Amino acid sequence: MNFILDYYNYWIVVFLMMAGFYIVISANNLVKKIVGLNIFQTSVFMLYISMGKVSGGTAPILVEGVTQYSNPLPHVLILTAIVVGVATTAVGLSLIVRIKRAYGTVEENEFENKDDAI
Amino acid sequence: MVEQHLSVLPILLPLLAAPIAIIIGRSYLSWMVATIASAGAFIFSWQLLLAALSEGVISYAVGGWPPPWGIELRVDAANAFVLLAVSSVSTLVLLYARDSIQKEIDQSQHALFYTAHLLCLAGLSGILLTGDAFNLFVFLEISSLATYTLVSLASDRRCLTAAFRYLVMGTIGATFILIGVGMLYMKTGTLNMLDLAERIHVYDSSRTINTGLAFIMVGVSIKLALFPLHAWLPPAYTHAPSAVTAFLASTATKVAVYVMIRFIFTIFGAEHVFHEMGMDIILMVLAIVAIFKCSYMATVQSNVKTVLAYSSVAQIGYMVLGISLVSVTGLMAGMIHIFNHALMKGALFMAVGAVFYRVGSVDIKAFNGLGRQMPLTMAAFTLAGLSIIGVPLTVGFISKWYLVTAALEQDQWVLAGLVLLGSLLAVVYIGRILEAAYFQKLPDNVDASKIKEVPLLMLIPMWILVLANIYFGIETSITTEAAGSAAEWLFQHTRLPEVAQ
Amino acid sequence: MNVWAGIEPNQLISLSILVPFIGALLVVATGKIPNLREAVTLTTSVILFSIVLAITDYTFEGRGLSLDVIELFPGLGIHFVVEPLGVLFALVASFLWIITSIYAIGYMRGHHEENQTRFFCCFALAISSVMAICFSGNLLTLFIFYEVLTLSTYPLVTHAGTDAAKQGGRIYLGILLSTSIAFLLFAVLGTWSIAGTLDFRAGGIFDANANKAVLATLLVLFCYGIGKAAIMPFHRWLPAAMVAPTPVSALLHAVAVVKAGVFSILKVVIYIFGIDGLKELATTDIMLYIGAATILLSSCIAMTKDNLKARLAYSTVSQLSYIVVGALLASSVAAAGAALHIATHAVGKITLFFCAGAIMVASHKKNISDMVGLGRQMPLTMAAFAIGAISIIGLPPMAGTWSKWFLTIGALESDKLIIVAVLMISSLLNIAYLLPIPIKAFFATAKPHQEPWSWSQTKEAPLACLIAIGVTSFGCLALFFYPQPLVELINLIPGVSTSSNGEA
Amino acid sequence: MAEIIDLVLLAMLALTALRVIFLKDLFAVVMLFGIYSFLSALIFVNLDAVDVAFTEAAVGAGISTVLMLGTLALTGRKEKPSKHSSFLPLVVVFVTGAALIYGTLDMPPFGHPDNPVHEHVAPRYIEESPKEVGLPNMVTSVLASYRGFDTLGETVVVFSAAVGVIALLGVRRKEEGETPESGLKEHHVLRVVAKLLIPLVILFALYVQFHGDFGPGGGFQAGVIAAAAFILYALVYGLPHSFAVIGPRFLQILAPIGVLLYAGVGLFSMYKGGQFLDYNMLAEDPIAGQHYGIIIIELGVGITVFAVMLSIFYAFASQAERSNVQ
Amino acid sequence: MLLLDIISSILLIAGVFFGLSGAIGLFKFPDFFTRVHAASVTDSIAAILIIGGLLLQTSFDLNTAKLLFILLFLMITSPTASHALAKSARHGGLLTLAENKVKKQEHTSHG
């Protein structure tokens, strides 16, 4: 029981990651791929944030009388990572728009057989 | 002043030049800015290499915060050496790009091209110089985003799908690295590479650390296009603008190889990775398969850029093979090949770009009869091709020599034989192109007067690289010393498995 | 006669390599004016020969010349050393280059060949790399210039530019490059990792306790890696290269390429393994018998060929294996025979090729069946052909006699009677496929009734060709009556001697 | 208590993710994604990561969703049923998941205060940063000072994203534009309310920008919020009008200026004789120096993020308008 | 103090109730307009009640001000949002239940 209490968080996060990862590699529609990518990354962020949590701690903002703070470092890392994520998303989406204009479709299997393979 | 900040300047110069280039917005001026910045980065990285060779290691605490609390830039022979290759190729490519992109990229986007190129350079330099695992991820993303942009700048619509595939694969890889780093951080509580290296060995047998290692390895393997994970590379290199391909093929994957070396030797320790995890076997097998499978693929392609792209994957196989031998000589062979392959592939892709500039196609048929029409370009292509094959007096021979010697050191006779057999396939795919160029007649529908040599600004960088191919193939002391001391440095500062001692 | 006395002896080596190289550049420079270009070629070749003569003098004086050029790897670099065997080869090559270029001038003009400048340029380049091979002081140098030779002769093979030429060139380059990279380089690296050095040393470089099995493997790798020696099954490139113009065939099959191959094998045997070391290796005999098989098989194939050049090519294959066999017999006398055979076969075979070329220029005949009665048309050529043939067969009073003689003695000495038998049989086969050509040409009659022969009907090749043919066929005779200089030279080779009881 | 909330939220996340997998209607998928990232923002709050939650809400639930919707407007909202089997992906995912689960088994237990993460580097941030950097918000001080180089990299990432989007989509210049018929003319209520809100939103953005040192917030969030204000304006009054207020070309200047501002601080500290980005050098009193440095670089981040987000939106919006016009 | 707590909890519970009912309505109601109606219940009255409850929890400091601001914003935005939704639906040609009925009858009477 204690074991589960210690790890349930990580496990669910892993499940979320894999859900996102599955969408990325299985989806045929490019937009959905990007959505999956975002879910994947957001779940990884959750992994980081969960490791920064100190039970009984508060947000790492100095307040009188509070001694137990959660770890600020993962928060910083994830702030950066979120930005990176949105940057990638933006570029990916604009690629999709261009692909739509060039091929008339955003379904992978459809535009793949419009050109020779490479 | 300069000496003090030597290790941050190669990152800073392109990083500052990129915004300036886009503010200027004019094609010519932004080209000037980009070239000057890149040249400066080259000079600094040269001094940096000398400094690293003399001092061993240079540590630079960004923000004045001592590691592990602040971010540290940590320069030793290994990354200074790779950085030199990257910045030099970047400078040459920028010289070359001036004319090359006129034909391939819309005038209005030239400034964007140079900006993206500078960002990519800055990102790669950052990856090389940083001593912080997470900072590495950030710079990895900078270079990747810039790369996706560069690839998608081409006029052919297929570059879009190629770029998208690259984006998805690359992001997955980066996320895997992120997961891995997170696991290391979780166990050790630090992100500084050196600190990690010290604290990680407490948990060598920990399942978390091993999983982290696995995820980092997979992520990096995607970035360096190790065999089963190379699917993104051929289309990306084929459809990107020639200048971009020349730059990426000779730098991006190399930097990824460096990252792999850094993680294996500095952070995890060769002893753990190879001896306990048995990664050397996996890497070796994958490398061998890569060499043969992809060299074979290269022999059956009709698009010359694709041929060279597959050959790049195969060559990466050689580098990884060098790493997987777990010996100073093997690692040295890998490092030397990082440098030499940059020279070869840079020259080859530049030549192909020159052909595209004149003929407007890079199909192997387009090369027919070019031996007469563009003698200098094809001569450059020939020499660089011989270098890929590994003919004596070229750098390719040097790399192969050290690789095989490293294999024989450990009585891996079969392996040595396989390496040499692999280079026979190079004879085939380079030979096909040369034959087309020198023995086929120019097709009748094109008029010979139009197909002439490319502008000087394209020829000069090409030939600088080609001559470098020959110079470093004869005067090997420089590369050998640098790579050798890099390899020794890495080995002194890692815990070794018995085999290497 | 030493005009080069002024020059620091060691520099003669670099001169001998640079002179033809510079010659090549001059040829390109003077390409527009054919006469000047040919003059350049001839003078260069003469200068080169004189240099080699000077080097020979030093060798007889017992002065070892050596030259370090550059260090490619720690303790290993491009390094030249003059030793008797190399000098022998250098003499043959540089002398025959003069003759070949005289001949080539006549041939190329008589045959109205395309882009002759490229031809002469590559020719000179090939000679320059041959010189480098002759004086190479370690395996690495040998290997490097072996490759350079391959690449520089490739344009010569594909000179015609026809599809056939391309096909031939592809086979030529394919086999030579592949074998050299896959086997030779491998063997070189293996040697490097075992012995720790690649220098040619008298008596070999492997110490006694080196793993014999590995050495045996290395020997096989060397024998096949040196594809230019055309041991079966890697002999295909030689007939394939027959598409080249005749002077090239002469150069390839008599002077430069093939001889470079067997020369390398001799070098490896004498200076890497050492003749005594060879005895202990299991694979020596295997390779020996493969060589013997090559001799017989290729002779048989030669008999089936009607195209003259093809027949000569296969005869070359078999003759090369003589040298390989001589080297692998692991006896000093046989080695001497092998070395001598380099020279004698050179003069003999080049004569034959010159004749073949002359016939092609003069009467545009390729096939032997058409040459019946040709003697009436070109008596001098056919006479020369007969001389060359006899020399190849090894009958007195021709040069070939000596080399075969020593080979046979060597075979007897290391009592390998099978090899003796092989040598005898192959001589008979040689008679069977070479002699009929001149005989038919002179005595068989093409037409049933014909007017008596007179000079009026002769239609000989260009004068330049005839001169060349004359010189070489005279050489065949001369080397029979006066082989001493060569023999002495060979006796200088450590561990090799013509006297059967071992010591020189 | 916290655990239970955590658990509930995670369960909702899992359900959302599963729905996303099986839904074919991309509009719903994107909406669910918005919900997903909003839920995760809530989780972040619950795990004391207020800054992260702020950002995630602004970016994931905000910008990303808007961009995705913009893309859908151009690419259509239905996903076609795909033929190729989902077997291989399943295998890959299961292997990866198994590896991760295996990895979790040695992870330090969730939330224990004596985990190595809390033992090694972080303590200095928690204990010293108020003295060394002088900010109550440790996240900001770590972000801007200790790991300022990361944040510079982050800013550059945003900048390069803008470069990419502009290179790919370009931005239709105003002058070539047709009569401003776009926007929501007939929605008078909306127009009035928007007029009312936009100043407040911008005000809030400034608050977040400069209050970031003391509470959650900072340049990045502020930039996004400010951009949101203009996006609202563009949506309600149409692109041409917002182009008139802030033109794309201007943004293209603004974005790099933010980066230069940030890097300039570093250069200045180098000129002052310190390391790159060493704020102690900016003033005699190191604490004051830290303050100046952090405020300026946060400003740089804010400017860049604002400019980039807005120009990305412009790029997508002008695409949409183009397709509407055609 | 206790009194405040009781009141605030009552407010909160009421808010939660309305929120839930709004959500249920969102699912249960037959057509678009009715659903918008249900939703707007959630973000008007429910929001007011909950924030009111929270206000009573605070000790009348900065947080109070913030909560008031939030309330103000909600009061402005959420009705606007519902309005915009409904209006654009109308523009899109969506009909209410009643109108649909009428239409049907017309069809039947005509045909």
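Going in written order, the chains are labelled A, B, C, D and E, and every chain counts its residues from 1.
Simple rule for what comes next: a contact is a pair of C-beta atoms (placed from the backbone, for glycine too) under 8 Å apart; a residue touches a chain by one contact, two chains touch by 3 or more.
Keep in mind it's a predicted model, so treat the numbers as computed, not measured.
Listed by label, the chains that touch subunit C and also subunit E number zero. Contact count check for B-D and D-E (C-beta pairs in contact): higher for B-D.
Comparing mean CA positions across the assembly, the chain most remote from subunit B is E. At the far end from subunit A, in terms of centres built from Cα atoms, lies C. A simple rule picks the central chain: find each chain's mean C-alpha point, then take the one closest to the mean of all protein C-alpha atoms, which gives B.
Averaging Cα coordinates per chain places subunit A and subunit B 28 Å apart.
With centres set at the average Cα position, the gap from subunit C to subunit D is 76 Å.
Our note on geometry: subunit A versus subunit D, Cα centroid distance of 13 Å, whole angstroms.
Multi-chain contact residues, meaning those touching two or more other chains, occur in subunit D at positions 100, 104-105, 107-108, 115, 117-118, 121-122, 125, 147, 150, 153-154, 157, 160-161, 164, 168.
Contact of a single residue of subunit E with at least two other chains is seen at no position. Taken residue by residue, subunit A touches two or more other chains at 17, 21, 25, 30, 51, 73-74, 77, 80, 84, 87-88, 91, 95-96, 98, whereas all remaining positions touch fewer.
Which chains touch which is summed up as A-B, A-D, B-C, B-D, D-E. Residues 386, 389-393, 398, 400-401, 404-405, 408-409, 413, 416-417, 420-421, 423-424, 427, 431, 435, 439, 474-477, 480 of subunit B are the ones touching subunit C in the complex. Residues of subunit B touching subunit D in their complex: 1, 5, 8, 12, 15-16, 18-20, 22-23, 25, 60-65, 68-71, 108-109, 112-113, 115-116, 119, 122, 126, 134-135, 138-139, 141-142, 145-146, 148-149, 152-153, 179, 183, 185-191, 199, 203, 206-212, 214-215. Residues of subunit C touching subunit B in their complex: 70-74, 143-144, 147-148, 151, 158, 161, 166, 170, 173-174, 177-178, 181-182, 185-186, 189-190, 192-193.
For subunit D in complex with subunit A, the touching residues are 2-3, 6-7, 10-11, 13-14, 17-18, 20-21, 26, 29-30, 33, 36-37, 40, 43-44, 47-52, 55-56, 59-60, 63-64, 67-68, 70-72, 74-76, 79-80, 82-84, 86, 89-90, 92-94, 96-97, 100-101, 104-105, 107-113, 115, 117-118, 121-122, 125-126, 130, 136-139, 142-143, 147, 150-151, 153-154, 157-158, 160-161, 164-165, 168-169, 214-216, 220, 305, 312, 315-316, 319. For subunit D in complex with subunit E, the touching residues are 184, 186-187, 189-190, 193, 196-197, 200.
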